[in-house]
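Take a look at these structures.
Shared between the two complexes below is subunit A, which has subunit B as its partner in the first and subunit C in the second.
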Partner chain A sequence: MSAVKIDEQVAKTSGYNVIGKSVRRRDALAKVTGEAMFSTDVKLPGMLYAKVLRSPYPHAKITKIDTSKAEELPGVKAVVSVKNTPREKFNTSATMTFTVPHLDPVLDQYIFDDVVRYVGDEVAAVAAVSEEVAQQALKLIDVEYEQLPAVYDPLEAMREDSPDIHTGCHEGKNVPGDIVKIAMGDVEKGFEESDLVIEEMFKLPVQKQAQMETHAAVAQVTPEGNITVWSTTQTPHPTRMILSKVFGVPHSKIRVLNPPYVGGGFGVRIGCSGKAEPIAVALSMQAKRPVKIVYTREEDFTASDTRHGGYVWAKLGVKKDGTFHALELKGILNAGAYCSFSCEVPGVMGAMGLSVYRIPNENFVGYTAYTNTTPAGAMRGFGNPQAIFPLESVVDMAAEKLGMDSLELRLKNIMKTGDPWCLPYPCGSTGLAECIEKGAESIGWERRGKLNKPGATKVRGIGMGVGTHCSNAWPFCVDYDNAYITIEQDGSVQLATGVPDIGTGTSTSLPQLAAEVLGVDLDTVNITFGDTASTPFDIGSHASRTLYAAGTAVIAAAKDAKKQVLEYASDLLNAPAERLDIKNSTVFVAAQGLTNSCSGSGVCKVGSGERTSITMKELAAHAHLRNKQFIGVGRIVPPNSPPWEAHFAEVEVDLETGQVRVIKLAAAHDVGKAIHPAIVEGQIEGGVLQGIGYALSEEIKYNDKGRQQNYSFHNYFLPTAEDVPEIDAIIIESNDPSGPFGAKGLGETGLVPTAPAIANAVYDATGVRFKEIPLTEERVFFGLRNNKA
Partner chain B sequence: MQIEFKVNGKSCSLDICPTMRLIDLLRDELGLTGTKEGCGEGECGACTVIIDGEAVNSCLVLAPQVRGKEIITVEGLAGDGELDSLQQKFIEHSAVECGFCTPGMLMSAKALLMKNPHPSEEEIRQALAGNLCRCSGYSKIIEAVKDVASLS
Partner chain C sequence: MLQEYYLPNSVEDALVLLKGNNGQARIIAGGTDLVIDHQTEKVKADAFIDISSIEELNKIEEADGVITIGAAVTHSQVAKSQLIQKYAPSLVMAARSVGSLQIRNIATMVGNVVNAQPAADTAVALVALGAEAEVSSASGVEYVPEESMYDGVGKSTVDSTSQLVTRIRFDAPQSNQGTAFVRLCQRKALALPMLNVAVMVSLKGDQFEWVRLAMAPVGPRPKRATEAEEMLKGSPVTDEVFEKAVQLALESANPRSSMVRGSREYRMGVLPVLIKRALAAAVDQAKMKN
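Now for the complex of A and B:
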């Protein structure tokens, strides 16, 4: 029996010491005292401040650009534009640039180009002694534009008479990259064999991540050409790869790091933070001084990735007894002006939309089309919410047509462990049935239909939605993790991992995993993270993967270190390594149990052969004196596994004003195993509130000049502390066989089925089916009125 | 222009540009970077500080306006090495995620409790309504403040 097996056996028999407990978050003290350092706080000697000149037009050719007057302004140290920056194409999405071996990378961006493709596109940038001077200098840059025709809707953009936004779209007019197709069984035959077929089109809004810290970067270039960038990225290592490609500098000479905190992400900075990193580096190279760039909130809205809006068609075929027999999903989403994640998002949309239910005949076709709007990229959920709002709406419609309870209909059809599905990894675990049961209990599902008195102007309704997601990006794109565990000379533990902590608690939960495996006190474990210079490669924090995937590497590293420790201790304790274990930072002979009487007693002399235990501190010192250190390495390609979630909403609709208020949202989540329950709850609650925003109030619209109408918190409505309803975050643990101590992904699931749960509740309350979100007062008011007429 | 004011109990006298915002005075001149800028237009509350007992968005205040006034920033919450009970409860409740809104949340909550030591949940939500948080869903933050409000 290996040491690893003993470790697992000990955990099983004695329970866990560290995981499963809401220990104090490691970042909390620094964050409540104001000492936590973010990119926007970085200040270096001689540092300059940057501002960006952005296009006022949605589509134009730059026929002239003269920066000489700006360069002459006192205090200006560098001006960069298409004229003096690398003509190296890239994609601000790290994934598309480097990590999708099955796709041809769509590289459609320069730092600055001579064509601008949306209002806010980068034209030039200035570094000066202050932001004020930089801002003044922008006005002195002389640019002449030749305006080009523009298009804002993806369906229009695909028409032959629309302008070409990029060249080389081989799949169709303005369609970037490849069209995603997923198929199982025979969907045509499946619909023929169905007793009921529901087919509807849905329209989805453009949502914004609206993380609280806007994009920021500080770049420093040494005289030898080494580059250091402090930034808000969610992916320090892949971001370094992008900078290396753009500037032609080896990876080894570039350091990208978080300082170490990041004010949220939600997908918006997987790769570059807008273009903050490359612009700061370009300016710093010219000015030969450190350069800091901080996006204004308006820049963050208008010039960094959004969620994809667009159109989704859902067609569901059902047998008389309620068995789902065929499903077809089709999505045409708005890519915006540059590709970013627009090739991968439809893939996840299809993969997740087809994997909730056991359906023998399934088909998905999805793609995006370029338009002259802000690029769409990754946002929490990554295509999944766009699939689940339509899917869970047609499931409810089918239930009504069949005269079945929609909860029972779902229970009858949901995926079970081991069921065949379209994903290239097994359905390893599912607690969805339990999620449905617990969520229904919390909301009081049986109250449905008995909530309203005749003639009431405010009516209540209850609705539900279910969904799944992934726990990392493998095998959709390259996804691997490394971790180092170093046992220091005093027995304390140094953990190094390349993932950042963007607020999700990674810097707390990963040390928990290491301490649990190693059997050491959590306080002795330190973590280094989010820095390419001191951590091994990791693809970063996204795809709900950080705890699951990086955690798997941390466990592998800890097991490796533990094996070395036990082998070394074997001689000292005169017992085979297989019989040793570590608990309370003490190596002991497992068969004899951990004795507290070791220190000071006769048996404690190292090398005497009589002792039965030795502390990690003693052991590390003993090893050090014999030229030995224990260094564990974890190198893994993570498996993948589905988390599951069921949301139940109770809403109140004001029939006179169209206002929808969520009274309660019960969110039951199968997270596999909650390593840190309070962090898990926080992830669920925060995700749910973003889902409520997606359902009710968050939407970016464009006017006929291509300008965003919702570019600030004045006119883009985030839910506030006064809007948040009771959220019952229910944790279900299905103990996944592949995840760290049974854990699965969680980060994105909180908002996957929220919108359909709310829309289904609105239908329950009003009898009006809304196929477009958000359910703003205006949309609901007119929806109710038109329905009456 | 020369202005005198107090920050976190200490008197300051500074020569400043009259168009400087308070947030820049705090962050750039005094190095108090705990006060965060999330929008620069008074919508997100990340820059909230307390001026003479009132929670205020420091991005909307010009530096000359604080002449003779007393400011508390997040750095001034803990006294004599002891955390304020709000800070303690935020830690206990894991009411901290990315942490960018945290200083502003704490200051809005502190201003409320200075005036009203035992507010209702409704009053807490109202006091925090000007502080946006995108990570947490507010639940744990509200719970933490409620917990402090229930202390005798």
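Now for the complex of A and C:
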């Protein structure tokens, strides 16, 4: 549905003034004119430029490192390595700041170590007067390596004869942290009682976030030791905690901020941006000048988190009538060389994989294994796509075996509000059935089986997949939000929140919530965000949480401020606060409407009881002259609630070349409530395209020397603008009871069921079931050929 | 390190500058490959001589049944040229396949040829068109067949520090002739070909008068399927003949395995499909014109 249609619908059916409308984005003008400031743009007086020396080997001990020649090069101001940086173990991901007891965060890296564990691992860094000089200096650093045996596959890494990549793995060889186990009912008995059991193994690729702005940080250290870091992080507050631990500097002396824009995230910088922040700080401390580091695209690919690839086993038990009775999922994923989110991703994988359908007997076991590849961490979907491709494939297979329409089979089994499930919060709302209905209508589900003429070399097929997600990370890890709302002396509103705007429209949608609650004009609300110095703690922008969780804090702060305003106005308007409300930036007595205001008469002389309304401007000025300001504080722990999504794909398969093209993708999403419909549609479309890439072409492969073969936009196959098929983004609003104005999480959901929808469509077209993605030309070509034989 | 950047207005001036710099200067046109290669020090040069201001090189012309394309002509100009669309659809398709719109708007076709990548799209199409390059230098002008312009992977026989390719020319295809270019790639832009095939057919009634069939990347340079071409000469236009041509063409193909752009096995598996599609398209075109 188009944004305009939604706007009309909202205008007709709701009493909302600001939300539900696609108002102009706050960042639009700055971004289209090129004025918007990103970390890459930051320039300070005396600023130096950094370059990093990276390991050419997948696994090696550094036996010697001599930086003296580099230090002597004119223009070089600092060189850092294992010899002059803190021996403080940390984790570049924010897990070290929000892992909750009884679990312990895995701390397995230093800024620089004397062992390198993947090609691209940091060995040393230089700060110089220009990038060119810094680059030249890298060549003068003399390093001797003793190569160690390397391993690239997680199953292989767990074998006894494989090298230990890290010590202290208590769950098994090269397995970091704790194994995730989730169970409900009796899964063994469940399979025994099932009439049909489908069991398959699936293989999943390494995908890359490929956000537009590469990792960047600028660090400035004052003579007093105060540190300021401008960076691309998705989590300024947790990143400050990480830097505090690494450098032994109190939180209060460190400021981390976005400047204020971030060119995308998709999970790649929840915590540090690669190692940009700690390296910039280390160099700045040595050089006593500001230092800027901007990753090249190749560095971004090879030396910052990817999605987890690996192996997933799915086993589904079904009764004759199509009732799902037992489900078992098992995942062994590739952690890469360091444990970023490798203990959390399997958890979300299991939790989401087990929560789509109402199944009494369920079991999940999931973990990762270290290998000598680029670390895997958070990426949009966070384990969920890895569960849903296998799950929705076996559901499709079960439907065929049962002779049922797979859509009907899904409708029969999907989770309903209040159903028991494995998650520690209730299934508060679901619009999945409506998503399925609307998506099927858009794709023309009834055309299945009637699309192809005999003998055609290009065949079409239609497939679907469904899924859910979370709206934040509570209660799986630390997850809380704060917000300040300050009513300024002229009645305008200042909102401060610690979440960044990584391109998802936070700086527009959060003011929308504040304006709606306060009853003020949106134009009078300003927002400060993504800065530890001017905003209260927030866990950051990730986990599809920003609008839902930070939004809940904004609403709490706005309600608090509103309460103060109404209490103050109560005296002036001679009416109890409960009877007062605010609309069009005017406080009024609810029963009497917005009449008889004292606009234009300067500071209001009220109190006689004749007045029934007063503008915010007049009220704030009145309060100011009496030494009072209204400051609302929101401090919340968000609840959680599931968004839902159904994707339908129509594909065309070239039987002779194996090439698969998506013709149309209908993506119906239950977002609870669309606060800004155009942003919602944009999120869905972007997610779908990333899902199409995951399904068809995006994959990082390593050669036998541990080198990435797909390390740039030239050889990593993101879909381009020319490859975008028709995408029908359909918004379903189930009005969640817990979210801000009924909204739920959205950011990650756009790619959760895309791959199975496409793979199921390919099956519909060809009769060949693919259990490994991406469905590249070559994989499909040989799949079709081997199936024929 | 780059010291000078020249913008001559004539071929003569460009050649004088080349000579005066004694091999330290290099010709630049669009620069989409050269600037990157220079930055990564794959190519060294103290000076660039930019030919994009030389008006006579920025033309696509037909005269006496010969089509010429100047060295400053971009891929976008080729792809949008009505003349090329009319005579050589294969070259339009090839030019349209290179890089992305932004790249095609600045990168020149001759630059694509001189960069000498094994599967340079326009080079493959030009080989099938029987094109030749006009190479100018201080010692005069010579004409080099397109297929003789490779001196190894990424190495052109043209030395851009002393020579300048001024134009590409080929005979305008006749009404009994057709051209086609077929390409297999992972996405619609910014993708080097996994395989590309270009053909030009000349029909005589229901028979092939002759065929030029070029394939890439199946060796260090666009590969002519000469045995297949020989067989096709005088053969009837039938499925069986297509099949035979494919088998002979495969024997001249020796693709490498690439983790990025397909294994040898896959490339050998789909090459027949591309050849058949290209032949069929070119035959259809020749028949339509008649």
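Side notes on the structure shown:
In this section, the second predicted complex is superposed on the first by the 759 of 789 C-alpha atoms of A that agree within 3 Å, B and C clash if a C-alpha of one lies under 4 Å from a C-alpha of the other, contacts with A are read in each partner's own complex, and residues count from 1 in each chain.
Basically, a contact is a pair of C-beta atoms (placed from the backbone, for glycine too) under 8 Å apart; a residue touches a chain by one contact, two chains touch by 3 or more.
Since we're looking at a predicted model, the values are computed, not measured.
After overlaying the two complexes on the shared chain, residue contacts for A:Ile462 are found with neither subunit B nor subunit C.
Contact with subunit C, but none with subunit B, is seen for A:Gly658 once the two complexes are overlaid on the shared chain. For subunit A, the partner that touches more of its residues is B, with subunit B and subunit C as the two candidates. In the overlay built on the shared chain, the residue A:Phe781 is in contact with subunit C alone; subunit B does not reach it. In the superposition on chain A, A:Val688 makes contact with subunit B only, while subunit C stays out of contact range. In the overlay built on the shared chain, the residue A:Phe38 is in contact with subunit B alone; subunit C does not reach it.
Of the two partner chains, subunit B is the only one touched by A:Arg24; subunit C is not.
In the superposition on chain A, A:Thr720 makes contact with both subunit B and subunit C. Touch criterion met: A:Tyr261 reaches subunit B, while subunit C stays clear of it. Taken together, the two structures place residues 713-714, 718, 720-722 of subunit A in contact with subunit B in one case and with subunit C in the other. The residues of subunit B lying in touch with subunit A in their complex are 27, 32-41, 43-44, 46, 73-75, 77-78, 83, 86-87, 90-94, 96-103, 106, 124-126, 128-142. Subunit C contributes residues 100, 184, 186-191, 194, 259-260, 262-263, 266, 269-270, 273-274 to its touches with subunit A in the complex. Contact residues on subunit A toward subunit C in their complex (touch as defined above): 656-659, 697, 701, 703, 709-710, 713-715, 717-723, 776-778, 781-782, 785. Within the complex formed with subunit B, the subunit A residues making contact are 22, 24-25, 27-38, 40-41, 209-214, 261-264, 266, 296-297, 502-505, 676, 678-679, 681-682, 684-690, 712-714, 718, 720-722, 724, 727, 729.
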